[in-house]
Structures are given as C-alpha cells and as structure tokens.
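Paired with chain B in one complex and with chain C in the other, chain A is shared by the two complexes that follow.
Let's turn to the complex of A and B:
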C-alpha cells in the first residue's frame, strides 16, 4: 500500500490531467485512469539521438510517464559533450552515448525501461522501426532526418479514397537546435507536412568557391577550407579525410594556420577548424532544454489526446530578446514520401510494356516518355541510351514478377504528364495493387476503387 | 492523436507476425529525384555517361567529355559524379579523373565551376552540370584559377597556352608536370 501511494504521487499531476475532460482535449481523448497505464504498457517511443537534445528528451519523456523507451545513437561520448549532455560523466568518455544515457535515466527514474542501440540508424532493418508509435528526433543533420522520415512515412497506408489509415501512422516529433535558435515540430504523416514536404525550409549550406580558397583567401574559414578541401588531397593522394580522426583534424588546423600566416589573416584556431570542417555551431544547453520540453509535451499530447497539438512548427530564437512563432505549414499533396500516390489496379499478367501503355491513358496521369523505378531497381529507363539498352529486356516481363511478386507496393515513375500543350515533366508515386491473386485479402482494398 | 485501444491491438498483432517480411531497401528522396534527372538527360554528342556499378546505382557515375571545338578539341576527359541522399539539397560532388592542364581544374581533379558550389540551386540538375563542365573546355576562364600557372599563361600568352594544352593532351611535360596522354 505504501508502495502504491509513493508511485501515484510521482505522476499525480499527470493522473489528474488524464482523468478529467477539458475544453481543449483531442477527439480521441478518453478520460480514464487507464490512459496512463496503457501508455506505460503499450506505447513504444523511439528517441533518435542521445546527444544534447537526446539526453534532455530521455529525461523529460521518462518523467512524463513514458516507460517503454528505446534510444539509438552511433556516437561515443567525448569530453566536449560533458558541459550540456548531463547524463554523462568524465569516466564515461569513450563509451556509447545511447548505452550510458539509457543506464543513467533508468537508475534515476523507477519503472522506466530503456533499450539502447549503439549503431547507425541505417543499420537497423526497416522492421525495427515498425513497433514504435511515436518517434522523437534529436538529430543534427538533414540526412538523418530525411532517412527517418522516409522510414516512418514508408509504413503509412492509404485507403481506396486516399485517406491515411490511422493505425499505420507513425507520428514524429522533431527537435533541432543551433546555438540560441531551435525548432520543434509535429509530423503526423498523411495529415501534416512531412520532413520532405518542407525540405526547402533548410537554408543552403554556405560553400565558398574553390578558386577563392585557392587564390584569394580573405577569412580564417577560407584558410581552413583550403587545407581541408584542396591541400589535403594534394598531400594525401587517395586517402580520404576523416573529420572524426584527431590527427586528420590537427593536420588541417596546422596547414590552415600556415596559410593564414602567409596571407596575414587572423583567427584560425583549432576549435574554429573543427567548426568549419564539421559545420559545428556552439551548442547552448538551455536551448536544448527548451526545445526538448516542447517536444516531450507534444509527444504526451499525441499519445493521450489530452490537449490540442502544436500545429505544426515552432521556431524559437533567443539571440536578441526572445522570439517564438508557430507556423502551420501545409502538406505537399504530391509529396513522394508521405503522399498517397495514384492508385492503380492491375492484373498480375500485365507486362511492363503494357503497364507503360496504361499510364499513357490513365486519366490522372496521361504519362508519356516513362521511366520506372521500384525499391532501388530501375525497371525501365528511357534515357540515356546506355541505361535504356540495359533495361529494355524488362519490357516483356510481367510487372508482378519485376516487383518480386509483391501483391501491392509503391513504385515511382518519371515522364511527361498531362495533355497537349500542358505537358509537364514530373516524378510520381504510384500505389500498384494486383487484382485477382489467390489468397490475397486486404481490408483496406475491400471497398474497391 | 493515437487511439490507444488500436495501439494495443496493433502491438499484439506485431508480436504475432514477427519475422514475417523479407528485408526491403529504402529509396531516398534524393535517389528518386536523381532517377528523374537521369531519365531526362539530353546530352550533346560530345558527352557520354556510364554507370560503373550497373543500372541500379545511379548515385555514382562517370561522364566523358570529348570537346569538338576550342583548345581541348580531340581530348577525352572523364569526370566522376557522387550524389548525396539529400540531393538536390546538396550539389553533386564532381571530380575530374583525367589529369588536365586547365586554368579551372587543379591537378587533383578539383573543378572550379560556380554551380557545383556557391551557386548550386535545387532547381538545377545533372544536365546543367554536364553542360557547365563542357563549357569549361570550350571557354576556359583565367579569372577563376585553380591552376594559377595555366591561368596566367592563358591570360598573357594564349598561343603558348594552346601549345601547352596540345603537349599535355598528347602525353608530355608542361614545365615540371607530366600529363598522361588523353587524345
């Protein structure tokens, strides 16, 4: 009895919130004492990244009642992490971040179970990601976000009316910080814009012209990039530069410093060298804390429906004064990653050639000059000639066979869409479903299209 | 918002169907966009493209340029292209694999072409880059030097530049530097 009192006291405020209805609760909200126990028992949350944001996220989520967490990170702890990645101690340097972060949170918060994965996100099979209901991202690169987004959206299925099927939706909450700035966003694939719908939000990387680096350096960054991009190759023929190798970094710093002296430029330091080469911006602990808090709260709201969600992109800027803004971005309805694509039903006997003819007359496509790709296999390429020749034999093969006898799947086609003067070059996603296969019963196709 | 009762069912179902599906490959948005670029390539007669890893790896390929006019007429120049998964957010990495005496290409194969670095925009494509590279051979430019010696000769003594290019392409020395034959 004493034990249960102690337990309920820890989530007392949360219990109150989840046991009563309020004016702002979501449509799915069930005022019930079971909600919190269901979250603990059934909800799987993945935290991607165990760095500055990841440490905060794990702590915040564990304290918000989430008990089944997993964390994935490929990095080991470095001394420079310790000022803000508060789950790590000096004696942890060199150990995997995911492992130590999971251990420390479990030590401090009773009942929390955190499985850790010390590997690259690409190393996990796609099925690994299937069991998660919510994926929370604490990452620092566009590549990694784009990958997780593609994986999560890959599970999304649409019904025959192009409405997303709720149970297949993997919600994502994405946090990001850069110095005093940060963002938090909620991605409900099929309902709100996915990462790829709004990839244009990311500013292009600053790249200096190579000839400026080679001939007319004016800044410390120019000297560093010269050593990194030009001098390295000149000296280490064939050996590629590894930004995580300390000797490599030291070499670039030394060369950059020599060049700066030659041109009378001030300001080349080792940390600036790291910053320029690895594109590092100094991390601010409080920015991570603020963004993580926002992400954790949204995760709780997605899980319980206890309040309206952030819709759908929060920006935070603490550089001069403090500014925050929420923007409601819109989906790209033709998004290749999260969009429904055009539903096409086919007989299993249709050859690739016949399929291309069908696309030509399809009322939603009128697609000509078609090239087709399926899960990284190029089934047909109309150009260049070398690829056309290699893929031409596929034209007489059944599409069903080319798709490894998969009853329904996504394929991508490029070509010119539309009629007459309005023809436009395009890249489209198609949901191909084969009809009349024995033993195939699909609930979502039962209505027919 | 998640319907918790559905989540319960789904988690039970997943547990039952574990290990059911074969592993599948995830195609990045960059790969798809590249697929479009490649299938719409419209190369001049002077340029050809090859895929050393076969038809299913478009992310790494080689472009061969054989200029039909200018200083580099008759030469054969091979460029390697490496495309990132977040293409076209990031420009392709292009290197010249043929050692060439050229003001805008250094001896390591780095290429000074604005659209490969500071002026890259996601609306540009592989076709644009190949035309840009071709242009470097018809109109080498001494104002953006990566090989400062070659640039200075082109600026001050175009006749000498022309004969240096000829000598390098035939396989020989320009100053201290040897260039393998590429005609």
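Let's turn to the complex of A and C:
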C-alpha cells in the first residue's frame, strides 16, 4: 500500500488515537498533537513493583506516550523470575529489580526517563507519593496494595458538601494475576470503590489448624507445615527459619518426608515444600502481559481521556476457554480509607473530654464509650485499664494540642454508635477542622488516613 | 546456565513437566512481527518453546519504534524479521530462533507446503483473503492456527483447527469423584467397619465425612425404598439427621458432612457433556483413529459395562477432618478402585486396538492412566473453517449479538473489522489510515459495512454510528498496549493448544478496548 504519505513520526500509531476527535471519548479529551508532550511535562506516573507485572507495565507505558516514569521495588532478581520478567537476564540475578528494569527500558526506547527506587514502599515518606498523579500497581500482596491505597486515598480532600475535590485525587490502576487468571481495576478515590471498599474480594488465606499439623496430618502439605512451623523451632531454638536459605529449605523437606513416611502419607516433594512454605503463586508471562496491557491502556485513558474508562473491575480467566467480565463495584460510603468521614468543626480550645461529649450528642454519630487515635497514636483508650490509666491525663488537654496543632486532619474513633437498643460497635473516620485559626483554609492536608 | 527447572519453576507448577516437554518439542511460526506478533512470541520464548520462525518482509520504520519493544533505533531500515528475531533470542537462549524475510501473503501464495513443518502457526495482522487461504493450507496439513489482530482499540483472536482434544482440562471448580451417591462394595464394607455411635468422643470427631455420608445415605435408602433424598424437604431432613448425630459442637467432621451432603443428592452417572463425547461419531473407531478416540471407545464400553453407568474413578479424595489412619485407609480404598478401573480400561484399549488392526501396545499405560484420571473432564474443541464463518456465519447469533446491549459493540467491531478489509481491498488503504478525507472514509466504510451485513443476511440490523467513526479514527493503528493484550491472549491460547492442557477458547474473541466489554462470538 502507498506509504508516501505515511508519517515518519515515532508515535505514528499513537498519534491517531490522541490527535483525532472521536465520539466515544472521555470528558477530558482534547484531540491535540501536544498531548504526548503534555503527558511528559505535567504527568507523574509511579509504577509500584518491578516484577512480572511491573516489567510489562514499564514497557507498555513507555510505548504508550509515558516518557517520564518512576518505579519502586524492594526485591532483587531471582532465577525463578526469568520465565516472565523479560527485562532481566541470567547475569542480572541478585541485582535490584527496579534498577535493571528501568535501565533496560531506557536502553531500548529513546527519550524515556525512568527513575528507580530500590526500597520498601513504606520507606518512602508521604511526600514522595504526593507528586504522582497516577499510581499503577503491579503487586502480589494484599498488604502492599492496602498500604498504597491508604497512602493515595490519604491525599484526597472533600469539600464541605462531602464531594471529593478533584485536584487532590490520585488515580490508581491495579493489576493482579495468578496462573491463567487475573484482574485489572481502576480506582478513582472518592468516585469509584477503593481497595478497602472491596477488601472482601481478597479473602484471607486459610491456615491449617496447629492440632491437625501436630496430631492428625493427612496431606503432604500438613507434613511440610509441621516441619516448617513446629519442628523447626523445636530443633533450632532461637534461630529463625529463612525461606531463601537453601539449607533451611532442604531441612524442612527432609523432616517433612520423614513425617510423611511415618504416617503413610504420599506426595512430599522438594518443589511442593517450596510451594507450601513460600506460598508460591504460579505465574506465567502471558497472563502478566494481558493484565499489564489492560492496566496501561486504562492509565493512558485516565491521562488523556482518549476513550471511556473501565468501570471499574475487569476479570480475566483463561482456564476453561476465555472469559472476561467487567463488574461495576460500588463504593462503601462509610469507607474509613476513601470516604469523607464525618466533618466536625471545633474551637481550638476544646479539650479531649469536651470532644468526647460532643461525639455523644453529634446527630450523625451518637458515639459512646469511645477510644480515640490520631495517626496511630492513642489519645484516649477506654480499655484495657492500664491503657485507660495511661491516656486519662490527655482528657484535660486541648485536642488541638494533642493533634500537634494541625489545623485540620483525620482522627479515628471506635465506640458504640446509635441510640437506645440499636447500639452497634463501630470504627469511624472523623475530619476535624479547627475554627478561627489564621490561614487554615490554605493549608493542605498531607497524609491522612 | 541456570538449571531450566528452576527458571521455569513458576510455570511448571501450572502445566508440569509434561506440558513443558510439549512446549520444548514445538515449533512455532509467526507471520508478521509488528507489536502484536512480537508480543505473542515474546511470551512463548520466555516460556521455552522449542523453536520460532519469524516471517516478515518489511523493513523497520521510525514509526515501528513507537509501538514495538522488539526493535530499536539501530534497526531502522533493516529487516524487521531479523531485528525482532535477534531481540527475542536474547530472552531465552534455549529457544532456536530463525527468521525469513518475506511477506506472509506472498509465502501463502507461493509456498503453501512451507507451513506443514510447524506445530502451530500464529498469523497476525492478516487481511481476510490471506486468512482464508492460510486456513485451508493449515487444515490440510493438520497444523494448528491462531489468528490475532490489533486494530486501534479493537482486535480479535480466533483459533482454527479441525479438532483439538483435551484430557487434562484442569477445570477450577469440578465436583470431586467420591461416589457418595453410588458407593462400590469395597467402600461400603469399609464403612461397615466403622461405628458412628462410638462412645469415644475423640474417635467420633475424627470420622471422615465420607464415611458419615456413606453410612447415613445407606440408612436413609433402607427406610425409603432404596431412594436417596431428592425433594427439598427430604434434603433438609437428611441434613438434620446428620446434625442430630453430633455429640459436641466442635465436630468439624459433621459440619463438613452437612456441607457436603449435596454430593449424596447429586445424580448418578456421567454428565451430558461426557455423554456427547462417547456418542460422537469419532468414537466409532477405525484404523486411522487417534489415541484419544480409541480410548474414548474403550471408555464408552467401560461405562456401559464395568462402570455401571459411571466413568473410571478418579482415585483421589480432598482433605477432610479425620484421623490420619482413617484418612490414609480411605485414600487406599479410592486408589485401589481407580487402579482396578484402569486395568479394565487398559484391557479394553488393547482389545480395540487389535480389532482395528493396530499394535495393541501402541497406546501407553501412562496415557490410559491419565485418561482415566480425567475421564469425567474430557473436552473436544472443534473450529469451523474460517471461510465458512466468513461466508455463512451463524446468522441468528450474529443478529442477536448486534442488538443485544452487552454484545452490540463487539458484534459491531466484528462487522467493521471485516468491512475494513473490504475497504482496503477496494481503496488500497484502510479507512482513516492516512490524514485527510476522513468524512469520505467514514461514509465509504459505512456503505461497505451495510453491504456486508446484507451479504450475511442481517438486513434488519444496523450498526452503531459511533463505532464507524471510531473505526476510521483508529486508521489501522497498532497501539502497543492493545497489541500486548491481544498478543498476550494469543500466546495463552497457543500454550493451551501445545500443552494439550486446559481448554482453549471457542469462537472469535472480539476485543473491546473502549470499556473492556469484550465478547466471544460463536459464529
């Protein structure tokens, strides 16, 4: 076909999507040849995780117009990563994932800058996360997702009508895979459910009862967990088990095999031992590719509005045939992480004791028997007695002082809500604002939940 | 070099050493190595396929640098096949990587026998005419074929192979094979040795639920003319009877028995899916029948005779609250029955092979064993020739999809993707491929699409106007994220076809990148 008129631009294909008007686009879409330079100049995107999903995400985003990226990961490269984490080679084993992944993508694609952070996500101060507009998650743990979710939602502010303020919103795109299955979701805090609103999607892992392990083992996994959780401590007093130590793993395997033989149980292998002890989730390149691509496409849509957004949860299952499904989950209006909480305006002179009285009569709360925490610090604990005694002196101190003279911030309260017979124990998020202080309204509320 | 077992550990946990060996034996041919093709192969090379052959006649252009990770600045002007091949090779040195600098459509015309050397062909970004020709070639040569195409925010994946049979379909949720509704004599007599009314509380709470249910079902049958609970009331009554046997509230085994009581109520015999397979025409075997169908013929005989209407027993039991001793003994009872069923099946297979004039030992014991273990989960996938689908799609289905709210985008894209190929055949470029003349392209594409709908007999249906505009906006762009997604799915399906594990997709998968409401169209 004639190619004399073909553009010789590097972004030949992407340009069509970004420079042409269309009928099925987002409200923020501006068909423009400047979109790509705007993305680079004004948009900060963080990729959390440089593993199976992270490698794919960095490639996909870099080839979707995101020329400035950052990536954070605490892990080093292992041999078992090489079947899917395509940015790594055998000679990279032992090096930090974030560093090598960033380097490889920059080597391949001209004009892309990727800053890497080789550390735990918890090691970064909140200000680190504040500069990002979109956070893309390629993680394999619920805890890490929960942490990033809380950080991102913590920047969200609400106006006095409990409507989220758009400029404070940090969009998240989250992907996850296991074998032939995966999910991709878009989280717009304040508008769509956050990770915590739908935490029930991730049921806690079932653990074996200790008495089964000790007295009535039936499966190979029982024998392995016995060696790992019970026998190890009996034999190695004080020395903790290290799953990455090959000698330790071999010891557990040998002990498990002995126990299996004793009880006539079949199926203990070294591979199963590793799988059970390290809780290994099987992973392959193709599923990671599919999920990361979906996440990257949604990231591009959030950034440019070039098409409608996924609303809001996509599941993929390739075990039996091919099934994809979009589910529109709903927000938990009372979510402690992304919800507005209850706005309470106070004079700076209010003591903690007075504050507790206010909660009792507040028409949205009717909270009694309360315990109060501020940023993980106990302000008042009703129980146990020893804690009550320790925190009792706070009752006569001004709340403003207890909150380190922060003009507005979030505090958490547990207690019994409701009136009369219908009392229910609950945890509430409160947005405390102190009145009559200069410049309060200009101050940003960094951190939060 | 790292021990391959370690490198592949995370995938060996999915498809095992058998599956890995099948991958390592396979040779895969890729047609066109744009981003869709490159991404498909990337995932297969990482997984360790035996060899790849990349066929592409084009040179790398600057525009390719923006959507394909398997080329870089230094490649511009060089053979795309060569460049992509060398970057793919970097990912896994155990894979033999070759390239052929030739346009696939030319190869299809000039050298059809070329394709017979491969296990599987992945054909990306082909237009209709080439797809039809290649499909004929691959079907004749018995080479599996996977089509993949990315086009703006849409695209498709379609498998084409006469027949693909699966033993290890490994479904996620499948009822375990406990036969609580139909216990065999050894299981009954084992249950007879156990007294549910034991006065020892430790023994009582460690009696596995399988035994509880076998015994209670037997008791029930005795007092109900040989019938098991079937009505809602009866089922509730049965559960209450179990509950009444509890002597302490912490008896997990009795709670498990109540939860599992539906296994007693489940109908006996084989599923309708398996019924269909044993009654398939291919189960009437002859000298050229495959291993699979010969063994299905044996299975049919087994079900009609020794099996008493049931397939061979799987032989494994789930974990359940129990003393170690009872659990291990119960396991042995199930295993022994599975072995006996296997022996009966083996004899039948040998006998059938003899009758059809083949070496009675040409099917291995390992094959028969694996077949018996998964007999209830067998799958047969058949795909229409692409030409048949193109000429005579299942009209009612297409019509339904075009008007159904959940399917209308996908069905619309299906028609428009085909209309775009007709457009290209007429006008020598895809709608919106080049700047200018967008309005003209939109009206041209629209009239082609309307014509196509009428050719397919869908006169009453109309297309969503917005989709026609979208299609022209895409201008045949191959976006990296879309290509990575389509290529990812294509590689996933290739793995299922090569390993003969899990179940490959049926129909045509239409990707809808607008809101991700993608669909499978069974046309």
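Couple of notes before you dig in:
Going forward, the second predicted complex is superposed on the first by the 431 of 449 C-alpha atoms of A that agree within 3 Å, B and C clash if a C-alpha of one lies under 4 Å from a C-alpha of the other, contacts with A are read in each partner's own complex, and residues count from 1 in each chain.
In this section, contacts are C-beta pairs under 8 Å (C-beta built on N, C-alpha and C of every residue); 3 or more make two chains touch, one makes a residue touch a chain.
Being a predicted model, the structure only gives us computed values, none of them experimental.
Of the two partner chains placed by superposition, only chain B is touched by A:147; chain C is not. Of the two partner chains placed around the shared chain by superposition, chain B is the only one that A:384 touches, whereas chain C remains out of contact. In the superposition on chain A, A:35 makes contact with chain B only, not with chain C.
When the two complexes are overlaid on their common chain A, residue A:21 makes contact with chain C while staying clear of chain B.
Of the two partner chains, chain C is the only one that A:283 touches; chain B does not reach it.
Contacts of A:218 after superposition: chain C is touched, whereas chain B is not reached. Once the two complexes are overlaid on the shared chain, A:319 sits against chain C while remaining clear of chain B.
Of the residues of chain A, those at positions 309 touch chain B in one of the two structures and chain C in the other. The part of chain A that touches chain B in the complex is made up of residues 26-30, 35, 38-39, 42-44, 125-127, 130-131, 133-134, 142-143, 146-147, 150-151, 154, 166-167, 171, 196, 199-200, 202, 204-205, 207-211, 214-215, 229-230, 233-234, 237, 301-305, 309, 336-337, 371, 373, 375-378, 381-384, 386-387, 390-391, 412, 414-415, 425, 427.
In the complex of the two chains, the chain A residues touching chain C come out as 1-2, 5-14, 16-17, 20-24, 56, 59-60, 63-64, 79-80, 82-84, 86, 89-90, 93, 107-110, 179-180, 184, 212, 216-219, 263-265, 271, 274-275, 280, 282-290, 292-294, 296-297, 300, 307-311, 314, 317-322, 324, 326.
On chain B, the positions that touch chain A within their shared complex are 1-4, 6-11, 14, 21, 23-33, 35-36, 38-43, 48-51, 54-56, 58, 84-86, 89-91, 104, 106-112, 114, 117-118, 120-122, 144-146, 148.
Of all residues in chain C, those touching chain A in their complex are 1-3, 6-14, 35, 39, 42-43, 46-48, 61-63, 65-69, 72-73, 90-91, 152-153, 157, 169-172, 206, 319-324, 327-328, 424, 428-429, 432-435, 438, 465-467, 469-470, 473-475, 477-485, 487-489, 491-493, 495-496, 502-506, 509, 513-518, 520.
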